[in-house]
Every structure is written in structure tokens, then in C-alpha cells.
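In the two complexes below, subunit A is the common chain; its partner is subunit B in one and subunit C in the other.
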Partner chain A sequence: MRTLEQTTQEILTLAAKHFGVPEGSLAPGDDFFKKLGIDSLQALDLLSRVENHFGIELPDYEIQGVSDFQTLAQRIQSRL
Partner chain B sequence: MKLYRGKTLRWEVREGIIELTLDRAPANEIGSEMLEELENFVEQLAAPSGDAHVCIVTSARKAGFSAGADLRELYQRAAPLPEKERLAGVREFLERIHRVLNTIDAAPLVTIAAVHGVCFGGGLELALACDIIVADKMARFAFPELRLGLVPGFGGVPRLKRDLGNAFIRDLLLTGRSVNASRAHAIGLVAQLAGEGEALRVARSTAAQIAKFDTGTRFAAKKFIKPVPYEELRREIDLFCELFARPAVMAALKKFVESSDAMPYLP
Partner chain C sequence: MLDLRKYDSLGGALHAALDRFADEVCLIEADRDREKERLTYRQFKEQALPLARALEDAGFAGGDRAAAAAGRAAIIMTNQPKWLISAAAVFFAGGVLVPLDYKLTADEQWQLLAHSQARFLITEYPIWRQLAPSPRRAQAVVETVLVTEAPPGADLSGARRWEEFRGPSGTKGEPQFVARRREDPACIVYSSGTGGRPKGCVMTHENYLEQCTALTAIYPFWPGVRYLSILPTNHAIDFMVGFIGPFVCGAAVVHLRTLRPEYVREAFPRYRITYVTLVPLVLKNLRNGLQARLDALPPAKKAVFRLLRDVNKALTRGRPRPWLSRRLLSQVHQAFGGELLTIIVGGAFTEPETLQFFYDLGIPVANGYGLTEACTAITVNDMRSFRADTVGKPLPGIEVRILKPDAEGIGEIATRSRAVMSHYLGEPELTAETVVDGWLMTGDLGRLDASGHLQLFGRKKNMIVTQEGKNIYPEDIETVFEGLPVKEFCVFAANYVWPQRTMTGEQLVLVVHLEPGQALADALREEIAARNRRLLSYKRISGYVLWEEDFPLTTSLKIKRTVLAEQLAKLDRSAAVIPL
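Moving on to the complex of A and B:
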């Protein structure tokens, strides 16, 4: 099973690839709304990609108030 | 009805397939202008030209199929009115949109919703009125209405009940959460999954297959397997109007309108 660190890294890779930013430019503690310049519609798109990648369902209310990659990874980890 | 280009949508007929494309920024919110153009469209749909076999409903907006009702317009029109007029206005809108969706639901040709991106609220209700939903794997589906103190008002629950198990409907409705296309496909809401950006292509391929069969037989089969729940749809309008009368709804709409976020009512 993936560790939290692995999960976090995979999210950073996924987000960087989809939103076209250099992978090394994203850090676990970054606010993904601000760092990626996305709104909540685009955040839903990221959620779909995360769900498809990890093979999970992550209800959007579980990420209410979540805005950094590390915390998102913790939510995902609990569904693996 | 070969070609029409309106302010919020367009349609064209090509080789027996009608393509209705929603195109209202930012995310095909269904307000009075789109409602009027949909009403014009379904007049044609109820008696299509002889060579039309299938109708595909799709979206030209990057954000998705449709984010649902135009809540900003709803609030701006409702807020200045006294309660009685406000409720009468809401009921009138609902009755009109129901007539549109009922016509699509019972249309004498096969209807396919080609969905990508957000398919929420009234947008999901439009898709549910169609016979087949083809969804891009990045599509998401939701009924977020409970967040506003409402229930779906465009016929969503009676149509979902027609198609799916009650347990999933309860989850979707009572949590207001969005589900991805894979999940929607697994539970039978989505008939076919397509790759990202491929929903329309898959819908066209499906339409071409459907067009091979006898028109009369197709329509008889559709009427047999897909009854329109008219009575329950009428009760939904009553429930919606009853809930809309509560002060919490206007307060929730006000909060929505005052937010600058693209989807302020999520999650």
C-alpha cells in the first residue's frame, strides 16, 4: 500500500502535468488554488483526476476547506 | 429545422441526426433566455422532419454540460418581488422547464446527452430527460440543491427513480456530493463512458447505430421501457415551491450571488 509520502508525490505529479506547471515547482504545503491559479470548477476537475488515478471515490464534502496538497493526500490515503 | 443559431444554443440537422449544442457562458446556466430557446427547439422536436432519427444534446462550454439553473438570475428576479409574486414566478418557470424536459423525454426519436465536465442540478435533469447518457470520463454529476434549502425542481428525482436504485439516489440527494463519471457508469446513470473530450464522438457513433433501425419500432420500444412519471413530476413542482417559500432559500441564494467563486455552493 502507498505511503502518505508516495500519495502526496503522485498528486503533485498529477497536478503539475494537468495544469502545465513544472513538477518541481509544487510542494506538499502549497495552496493549490493559489499556486495553480484555479477556481473551484477546476478543482473539481483535479478531484476527478485524483479519483481516477487512485481508483477511489472522494466525496467533495470531505475536501471542504482543504486547499493544500498534503491535506488532500491525507484524505485520499484514508480511502485507499 | 435544418439550422438555428440562438444566443444560448444552436442546433443543426445533419444526416438524420439533430445536434443541439448549448453554448452560454460560463457553464450553460439555464435561465430565462435559454428556457425560451429550448422551448423553440422542442416545438421542432415534437414533430421532427422525416429524416431525423436521433437527437444529441451537447455543450460547447469548456466547463461542462451545464451547471444547472441560473441561480443569479433567479435571485435577482425574485428578490425585489413580494412573496406571492415571487412564488408565482418560480412556479411559472418550473412549469415551462418541465414542459420542455417532458417533451424531450417523450420525443419520437432517440435522445442522447453527450456530457463532459460539470453536469449539475438542472443540467443533470436535462441529461436525465434524454434516453442515453454518454459521458466523458472527467464528467461529474451532482444534485447540490439541498445546499440552498431546495430539492431538484426540473424533474430530477422522478427521473432518477425511474433509472436507479433508491440507495444511491438518497446518497446523491442528501449529501449533495458530486460523483465522477466512472461511478455514475458503475451504478447505471451513465450508459457509456468515453475518453476525455470524446463524448460527442461516441454519441455520434451511437446515433449512427441507432439510425439503422425502423423508426416506428424504435419509438414503440422507447415508450414501452421509458414511461414519463407525469404525476410525480407535478408533485415535485409543488414540493419545490413549498420549500422556496422558506426565508432560508432566499438567504442561501443571496450568499451564492454574493460569492465570486465559479461554483460557490460547492462542496
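Moving on to the complex of A and C:
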């Protein structure tokens, strides 16, 4: 079982790889819309990758209003 | 299609449709790549009528009593069959529907529930989990809550299961159909005002029946048509073209439980979609995806594609010819299922280049112009011929006038029709300012050209519309900055202060007046940024302006926004707005 820290780190790595930014440039508290300059559709795209990676399904409503990696990681963690 | 002149209410028209098209498919629900449910109109009726009966048994009082809270039911749900089944039940029982945006926060939803005075709430379990613990619940008069899809054994916090709801006595049998008059309220639709002054548009049955007749005259539905419902159904557009329009014509509505781009793309061929409505952001995303695939073609194929596209352009100059375009550019059309007739785009302004891109591929994009207050659409591009530089011509039965046009013919757009709302709930003064002698003042600037097409040139009102179709009013987001350690502050739509004559690139700015001797320290900048982050991403300010004079105030100490905007307009926008 992953810890929340591990889950968060894996999400940061996925996001950095997907959007082509240096891995160390993203932090758990970052607003991913702002930091990555992405819109809501691109955020959904990221979520799909996160789901595939963790092997879970996260309904769209679960990320309603979520804009930072830390909160996203908490939502993922609760379904692992 | 039903002859809507024969019906006085949405309940009456929907009820007739359920019988007339009984064996046609009316709803398909899919989650990712799995189909969850498929209902015919008969099966829809078998769910809607018992729900109507159960509501009546539980004290839901439609008809003339619907003016009171006991006849008002709110729906907060994602797009799914139970949304439409619940709405049909409410209309059947003569009630007034309050469709709310599921994307709002719990506090915002309770504020609107309180404002609407709805006594019944129909929602989904995950949404109810967010709503139930909110302290703002006490403000509202909601007594009966129905939740869908609650897991077994879940704590429902006083709500009841939608699937098992059968009223207090468990009685069965036909509900009593409650007739309504055309002028009676059908819905209270909130166009904005979650943080400040809620604007609940009271829409009548006549508004919807007239709007439906006008729209389907240009973009018809029929049995066999499949409409992909993506825009939230509480939105005026999806309510009309993803519910009322298809239903009175016997067409089918496809609901997806996720809006991940890959599943939306797959839905087109899987369900052979005929129509879909998208917001400009999604349309642009589709365009970028298509463009990337076209750019990646080998040179020879690219040349052939361009040739075929040019042939298609030449042959569709006067009007769309879908069957021809599908043959010429078959690969593009197959990706959309091969039966797509039109993409409807709404909710915000769409750039002409994007519209033209799709039209050249033989996929007409029906853009238009509308407001919640005008039911759905005022103008629509009828494609005869296609004009990407305009938002089309007024729909049949809808008048459009340009007030006080300047030398270039640009002025405020006003509209008059049977589709214009009755009034704003509980706001007689605001209603009187907005609907003058039957003319709805839109607050948008436009010009009618010689052929009667409407062109848009920015706004007169202090608000922005995002590419995702969200209306944001500055007053609504100011609460998040309350307590900011400055003398005073105010939020504006930048294009309201510095008119741009464009509908794109809109942004919100915070105007800050510091205390005497106060400097803009890093801590303050960080606090502004931190508070901004509390807002949903699409509501955030993108910059701030430092203002050195006292804000003009009314005698009741409210900011005179118009006067302040005039003062700010003297500043150079690019120098004054500091990006956040």
C-alpha cells in the first residue's frame, strides 16, 4: 500500500512527464492549472493518465473544484 | 414532431411525447466505454409517472400552488437520465423546476436553494455528501431530499433514495396530471449571482414552447436522431436542445458520465451522434486535435487531403451538403461517427477561424447568440450561407434591435419575443431595468449588417464569459477578498473598464486602494494570490490595479462602480494591470 507521500510523488512525476516540464519543478501544493498553464480539459486528460497509472476509476465529480496536486493525491489515495 | 401550438405546458407536451414515441429510444447512458442504460419513451414514462405520484403523495403541490415553495423542486445532478426523468415528473405534477449547476460549491448551492424557496431537492449521492454538512443548509426551506445512486448502507443525512421513493403512504397508481397555463412559471434559472445578488430568471411554459418551435424550425430533430448531451442540463442550451427539443420530436439523448476527452471522442462513432453542443473551449480542443493529425500526414496524403477540402469548400459555399462532404472527406467524418449533421456551439463567443475550420471540412458549427433571460437563443447561424464572422440571424418570431447605434452602427442589443423571461425572482427593480416595454436589454454590444446578421462587439455590462461558457460577475467573487488588509478594493471585468470591441480574451482585475503610507509588500501580494486560489480556477482574477484615490461611494457607502470604472478608464490598461 502506497503512502500519501508516495501517491503525491507519483502524480507529480506523471504530470511533469505528460506536460513536458522538469520533474523537480512541481510541488504538492502547486495549483496545476496555473503552474502548468492548462485548462479544464487538459486537467481531465491528466486525470485519465493518473487513473491508468493507479488502476482505479475516479468519477469526474471527485475532482470538482480540485486544483492542487496534494488534494488530487488525497482523492486518489482514498480509492486505492 | 409534436405541434407545440396544441400544448400549454411542458408537462403536457412531454406527456404527449412519451405516448406518441413510446417505442423509440429516448435515453442512452454510458460511463466511459460501457453502456449503462437504454430507455424507450415508454420505459421513461414508467419511471417518470410513479415519481410524479410519489412527489404528489409527499406533499409536492403543483398547479396554482406552485407559486409557493411546496411546488418548487430543485435538481442538482450531472447529466444523466434521472435528471430528465425527475424534471418530467415535476412538470407532470404542475411544479416549477429549479435547475442548479452541480459545479457550484455547497455554500453557493444552498444560497440559491434558499433564494428559490424550493422545498424539494433531487440530487446525486456524491453531491449530497458535499451539501449535507454545510451550515448554510439552515438558510433554505428544503424539506424533502431525494438522492440517486446512494451506496447500500450509506448515511443519507435525512435524504431518501430516489430509486425507492414512493411517498409516505407507498401508494401506487397514476399521478394526477396538473394542467398549467402558458404564462405560468415553468423554471427558475439562475444566470449568475451566486456570491452577490442571485438572478433567478423566471421562465414560463410559453418561453420554452416558443423557443423550441423556433429552434427546431432551423435545426430539426426526429426519431433516430441522437443528441450527445455534454453541457450541463441546468444550462439553458442543454435544457432546450438536450431535453425539450429532442423529446417533443421523438429523438434520443446520449448521456456520458465522464467528460474525459478520449471517451467523448469515442462516443461519436459508438452512438452515431447526429448533434452535439460544445462550449468554445472544447471545440477549439477538437480543432487542435484534428489539425495535429492532419499536420502529421505524409506529404502526398496531405496534398490529396487539401485538394479534397478545397473541392468541399467550393461545393458547400452556398449551403452545407453533408452527404457530399462525408464522401469527399470520409476519414474525418468517420471519426465523428459518419452521421454528425451539426455541432452546436454555445455558452460563449467562438472565434470565426474555428467555425470556418470545421465548415471547410463539411462539419457545420451552428453558432448563435443568446442569454438565459431570452430562454436559449436569440440568433442562430442558419448556414444559408455560412457566415463565420457573425452569430447568425434572429430566430423566427424573435425581434432584435440595436439601441443608440454609433457611427459604425454599433449599440446595445435589445430583443423582444415570447421567449423573453417573465421576470427576475423577487427583483422587481432589476426586472424593470432589464426588460423595458417588453424589450430585453442584453448589455451586449452588436451591429446588424445589411443581410440581417448580428455581429458582436463586446459588452456594456461588468461581467465576463469564459471559453467554457461560464458567466462571471465581479461582485460574485469579491467576497473571497473580504478582510484583505487594504483600505478598499473592487473587482472589475477589464473590458468593461477599457472597452475592447471584442468578445475574446476577457479577464477580471482587482482594483486595490492601499491605506495611507501602506506599501504593496510581498506579503500582501501573496495574500491576494492565496485568496484568489480559493476561487474555482475559471473565476480567478488575472491581475490587479493599484489605485491611489478614494473610491466614489453612495450615501449607503456602496462603491459607485460605474463612476470608478470611468475614472480607471483614464489609466493605460497595459501599464495599470499588474499580472498576478
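Please note the rule applied: the second predicted complex is superposed on the first by the 80 of 80 C-alpha atoms of A that agree within 3 Å, B and C clash if a C-alpha of one lies under 4 Å from a C-alpha of the other, contacts with A are read in each partner's own complex, and residues count from 1 in each chain.
Rule of thumb we're sticking to: a residue touches a chain if its C-beta (ideal position, glycine included) is under 8 Å from a C-beta of that chain, and two chains touch if they have at least 3 such contacts.
Owing to the predicted nature of the structure, the values given are computational and were not obtained by experimental measurement.
S.K.: Give one of first, second, both or neither to describe whether A:S40 is in contact with subunit B, with subunit C, with both, or with none.
M.R.: In the superposition, A:S40 contacts both subunit B and subunit C.
S.K.: Should A:D31 be classified as contacting the first partner (subunit B), the second (subunit C), both, or neither?
M.R.: After superposing on A, A:D31 lies in contact with subunit C but is clear of subunit B.
S.K.: Determine, under the contact definition given at the top, whether A:R49 touches first (subunit B), second (subunit C), both, or neither.
M.R.: A:R49: touches subunit B, not subunit C.
S.K.: Using the touch definition from the top, say if A:D60 reaches subunit B (first), subunit C (second), both or neither.
M.R.: The answer is both, since A:D60 touches subunit B and subunit C.
S.K.: So, A:Q74: does it touch subunit B (first), subunit C (second), both, or neither?
M.R.: Neither partner.
S.K.: Using the superposition on chain A as set up above, list the residues of subunit A that contact both subunit B and subunit C.
M.R.: 39-41, 44-45, 47-48, 57, 59-62, 64
S.K.: So in the complex, which bits of subunit C are touching subunit A?
M.R.: Residues 32, 78, 102-103, 105, 124, 126-127, 257-262, 281-282, 285, 467-468, 533, 536-538 of subunit C touch subunit A in their complex.
S.K.: Using the touch definition up top, name the residues of subunit A that touch subunit C in the complex.
M.R.: Listed in rising order, the residues are 31, 33-34, 39-41, 44-45, 47-48, 57, 59-62, 64-65, 67.
S.K.: So in the complex, which bits of subunit A are touching subunit B?
M.R.: The contact residues of subunit A facing subunit B are 39-41, 44-45, 47-49, 51-52, 57, 59-64.
S.K.: Help me check something: in the complex, which residues belonging to subunit B touch subunit A?
M.R.: 27, 63-64, 117-118, 137-140, 175-183, 261-264, 266-267
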